[in-house]
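One chain, chain A, links the two complexes that follow: it is found with chain B in the first and with chain C in the second.
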Partner chain A sequence: MTPTVATRNAPSAPGAIERAICRIHSLRARAERRTASFWGLIPFLAFIVLFLGVPVCGIVLSAFRVADVNEPGNYVPSLANFAASFRGASWDAMRNSLQISVIAALVGGIVGLALAQAILTTRSRKLSAVVTVLTSVLANSGGVPLAFSFIAAVGNAGIITGLLSLTDRGFTLYSSGGLILMYQYFLIPTMVMVVLPTLTGLRVEWKEAAASVGATSWQFWKKIALPIASPAILSGFVLLFGASFATHASAAALIGGGGVPLISLRIDSGLAGGNLAGQENVAMALGVNMIVVALIVLLIYMPLQKRSLKWFK
Partner chain B sequence: MNTSRRRYLPAVLLVSALGLSGCTSTSNDAAGDVDWAAATSVETGGGLDSLVSAAQAEGTLNVMGLYADWANYGVLIEEFTATYGIEVDNDTSAGSSQDQVNAIKNRVGQSRSLDYLDTGVSFANSASAEGLLAEYRPATVADIDSSFTDAEGMWTNQYGGYVTIGCDAAAVAVCPTSFAQLNDPQYVGKVALTGNPAQGESGFNAVWAAAMATGGSLDDIQPGIEFMAELSARGILIPVEANAGTLETGETPIIINWDYLNLAVADDTAAAGVDFQVVIPTDGTMASYYAASINADAPHPAAARLWIEFMYSDEGQNILLNGYTRPVRFDALIQSGAVDTAAADKLPIVVNGFELPSEAQRSSANLLLAEKWDAAVAS
Partner chain C sequence: MVQVSRKTRAARGIRVVAPGLSWALIILMALYIAVPMLCAFAFSIYVPTAGFTFEPYLESVRDPGFPGALSLTLLITVLTVVGLLALMVPTMVYLHLRAPRWRPIIEIVCTIPLVVPSIALAAGLVTVLRSMAGFGRGSLPAQVSQLLQNPDLPVVLVGSYIVLTLPFVFRSLDAGLRTIDLRTLVESAHSLGASGATVLRRVILPNIKGPVIFSAFFCIALCLGEFTVAVTLGYRTLPVWLTQIAGSNFRASISMSLLINALTWALLIAMTVLAGRAAPARALALKGHES
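Right, the complex of A and B next:
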């Protein structure tokens, strides 16, 4: 019942998102008609092949080769690298990375969603515009500077640590919890960035219509808003998971000394050689495992995103 | 390799420039018929003059990852170019031991391959086993104990250092001088390594030095792992990667690292009020030396050999000494009186003797550490 009411009450002039999507669709249709414009894609495709395709092939090929013990410098095909990647410290790192990424994504997802809704509730266009710019900057922050800011703020000798006597409360930045906290700096803005357009698309008229037939605010969220927004929320979560999973530089600066094994750090150690020569191909196998996880994530993400767009056509 | 910034003693430049300028302009005859790629010493190639002219004909030396602030390589390169007029093409986009070995593997037959390699001994050994290195011994090899050279002449240690405890006396009431003293509640949350011991040479040797202090040996790094695990469990050792920044903010007032890196950090942070004192722990001594080698497929075989001769000369060794490293001919320099005493006096005093681990000892210690470290210090 409610959707029909909502549609009938919808304003005749489509909103900004609808207009943008219509534009994308008409552009696409035009592009299909003009086969010539395909050639415009060539630089992009060449870029993809050279900087994504070739390296991925290299990683996969190396992952299936091990050094020949009898003839140094020669390599033979083998599954030994993968066997090693599912054993001992490498496997611990994989499990720990998955666990940290899921928790970090859950926290970031929930906080980001609440924040996005709070921003919308203010109904301030200016705030929305500022937030949009800010989130896209913050979502891309990371690396050693990020880690160092956290060390200076909430490290053992950090300013906030001292003010709130965090150490006495059992808090330490150098733990899984610390990593999850640091990740929020870029995860929450990412979530806001992903769900803000969808939440904006939930028209006030829908809520008013639901209210006019006696729905409470809770019922509106449960029966209307969340089902419509859930694909965007889930795809946001998947994106956050991927971002946490792949984090390397900031994590290395924070807990590189050991104690919190991560798959990205493990790959680094294998590739850089560390003290042990000849671990590069095990690192490649770990890389392939990560690519597989990323592919699974993408496979979940893509249909979800399609569904979430459907409501705003 | 680390890339912390350093300030240098420009005086060394002048002194060394004057010292070596006499060797350059000499006879140029018959330089063309010597195959320097096959020469295993300067004599077998026909002497230094012939080497210099052949190297000058090549004109360039390709190297990788010789950061200006690492072991004073910046000055060494400037001096080499100033003395012989040979350009040094130093690719600092990468530079770990593995990066260098990968570069010579991937660039076989190319003019942009590397001539000289500065790697850990393990990497030199594995590169040698793959036939990637050229046999060559510097003219001053007689000064170098055989434990610092490869039996087949594929590499020679050029400089090294000791594991030290660096401590900011301005931030810590009493600075520890031994591993035993580190295990004290007053140091909770104050001690860090510069990286994962399972990955980096510095952390690895720090754990090994701790093993030496706690009943371990070159055959047994396990007590060191247990000691560090205890420090970690008590909250004394934290997993942050220590650097000049974490020292300055007071996050890691105590850093276990190579003497040459800790001393460089001391210079860097002195202006910020850090009083960083660097000592070799009295109960656990561990030293490690880097290995110099020449690519068997070097695009500039003569320049590579001249670079080696320069690095192992008194001048070259003193330049390395000014980077707070211990040049491999340190003892010989002291005996002959050629040593730069001002630079030598800055190094922490060595209390106990040391033995370098064999390749087998290194790899078994490494394997154990790689599997056990993360679990041992797990939070």
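Right, the complex of A and C next:
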């Protein structure tokens, strides 16, 4: 395929020069095709630049500049927005979001893991078919309808709230705990979806093989099952953390402006109070922080996910 | 997001605890899933002062904001689905046929929306549109900003919804195009005298029907339920309208939200079943941001 191959062959074959010329021509043609092939992607790339590139650049640029005090209407580059995003109410919102996301991911991850194992234990084909469909539906559900149905069930005037007199027991949906409870609606199915294929792939035969060479059940789980399953389990936890951290719609529909500080809701209020000096740019810095967290989540998730598939091809 | 486990393995796996305990956990989870929806349903059909009634549903439809919100949502949905397929199907076919070298780059580009939470995307759009409008009335940037935000035809919402679906649509179409022998199909169609458009419409499309329908359903479900970008950019789509009337008439808003949710779930179920049939070995474990 390369010219060096052609020259190496040259002394032994009489038609080698023609062939080499042909090859060079085809290489040039290929290079031309390579550039030509780019043009067909222009509509897609133009669209991406307009609706993804421009807003992302916009948020990053706005995050790194502040209004010039000497010349109103002008901006100067600065890290002040990021400094502000790690102080006061913005930092409270970010810290609370991180805290809620860690707890929600741990709860959802552990329950989801137990549930996936329970689904396997039943060995019911019907159940696993239903679970496959339901998990992918529920993992993608959320938003306003989710918040509304939780308000109807365990909100201040909710049916379950009345039945179990939850208010007297100190429970309120409009709190960090309430959010964590609501997030489980899409987090647990997500966890089941991520770990079920891996847990299903742990073969009974492997356990029998381990037992036949004298391994105890504990040793099998510790030395064989866990190392194989841990990438999938870890990737599940990471994904749940990212999903809760990025959640906006259901939290906004439930909490609105006040109550629980959250990074996504803080961006909302920063944008709404745009005329308040600098708040909009601090909101942009918070947005960049969210993107960085989501990027870290994806960079951890993807290799883990790839590794978890290694044993099950 | 679709996760398809191989059916043949469904009955295997290692038992850790007794099946009875497992069923108890599954039933608890089923209750957790069902109870909020049932409570919402009870709220929508039972009013303490009037007994069983469909009045909340009728009230939601009679709300003066409803027709506008419905027509805006439907318009956006139709435009987004059409725009998405018109952009992505030719691009993906072209990518597989003529520009396979660019595939990894396009895949990364299509994954980027996963790391941009929708509130961040919305914030970015707001800041860009505001600063474009800041150039002053009548200037070109201000005019573009106005055009994109046209209240009757919010191009900016259509564009951002297409962006939000890209990670899923790319993977679905990519997997679909891998399973068919695209080059042979196209070359034989050409040799029989078919034009490029005919090949796309009558040869390629029927062969990737599954992924195309998957993409369309996913996109419709997203458009019907998306709240964050719409509310941040100040559009009154159905979900935004729901939150606005919730304060004054919660029963009406919950009835309509149940209807929308039922439609979304139906679409997602159809999509998952379809994807499971179309590409059983292909697993897509991704989490969308529309929660």
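Criterion: the second predicted complex is superposed on the first by the 239 of 313 C-alpha atoms of A that agree within 3 Å, B and C clash if a C-alpha of one lies under 4 Å from a C-alpha of the other, contacts with A are read in each partner's own complex, and residues count from 1 in each chain.
The definition used in the following text is that a contact is a pair of C-beta atoms (placed from the backbone, for glycine too) under 8 Å apart; a residue touches a chain by one contact, two chains touch by 3 or more.
Treat the numbers as computed from the prediction; the structure is a model and nothing was measured.
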Item to check | chain C versus chain B on the shared chain A, clash or fit after superposition | outcome: clash
Item to check | Contacts of A:Q305 with chain B and chain C, given as first, second, both or neither | outcome: second
Checklist entry - When the two structures are overlaid on chain A, which partner does A:F148 contact: first (chain B), second (chain C), both, or neither? => result both
Checklist entry - Regarding the shared-chain residue A:A114, is it in contact with chain B (first), chain C (second), both, or neither? => result second
Item to check | Which of chain B and chain C A:P43 touches, first, second, both or neither | outcome: second
Checklist entry - After lining up the shared chain so the two structures overlap, which partner does A:D268 touch, if you call chain B first and chain C second: first, second, both or neither? => result both
Checklist entry - Which partner does A:E280 reach: the first (chain B), the second (chain C), both, or neither? => result both
Next on the checklist: Tell me the contact category for A:A246 with respect to chain B and chain C: first, second, both or neither.
Outcome noted: second
Next on the checklist: Between chain C and chain B, which one touches more residues of chain A when both complexes sit on the common chain A?
Outcome noted: C
Checklist entry - chain B: which of 79-87, 169-177 or 241-249 bumps into chain C? => result 241-249
Next on the checklist: Counting contacts the way the document defines them, which residues of chain A are shared by the two interfaces, the one with chain B and the one with chain C?
Outcome noted: 148, 151-152, 158, 252-253, 268, 271, 274, 280
Checklist entry - Can you list the residues on chain C that touch chain A in the complex? => result 1-5, 7, 9-19, 21-23, 25-26, 29, 32-33, 35-37, 39-40, 42-43, 87-88, 90-91, 94-95, 98-99, 101-102, 106, 109, 111-121, 123-128, 130-131, 156, 159-160, 162-163, 221, 225-228, 231-232, 239, 242-243, 246, 250, 253-254, 257-258, 260-261, 264-265, 268-269, 272-273, 276, 283, 285, 287-291
Checklist entry - Mind pulling up the chain A residues that touch chain C in the complex? => result 33-34, 37-38, 40-41, 43-45, 47-48, 50-52, 54-59, 62, 111, 114-115, 117-123, 125, 127-129, 132-146, 148-154, 158-160, 183-186, 188, 190, 193-194, 196-197, 199-204, 207, 225, 239, 242-243, 245-250, 252-253, 264, 267-268, 271, 274, 280, 283-284, 287-288, 290-291, 294-295, 297-298, 305, 309
Checklist entry - Contact residues on chain A for chain B in the complex? => result 72-73, 88-89, 92-93, 148, 151-152, 155-158, 167, 172-176, 252-261, 265, 268-269, 271-278, 280
Item to check | Of chain B, residues touching chain A in the complex | outcome: 96-99, 101-102, 120, 122-123, 126, 129-132, 189-190, 192-193, 195-201, 203-204, 232, 235, 237-242, 245-246, 249-251, 362-363, 366-367, 369-371, 373-379
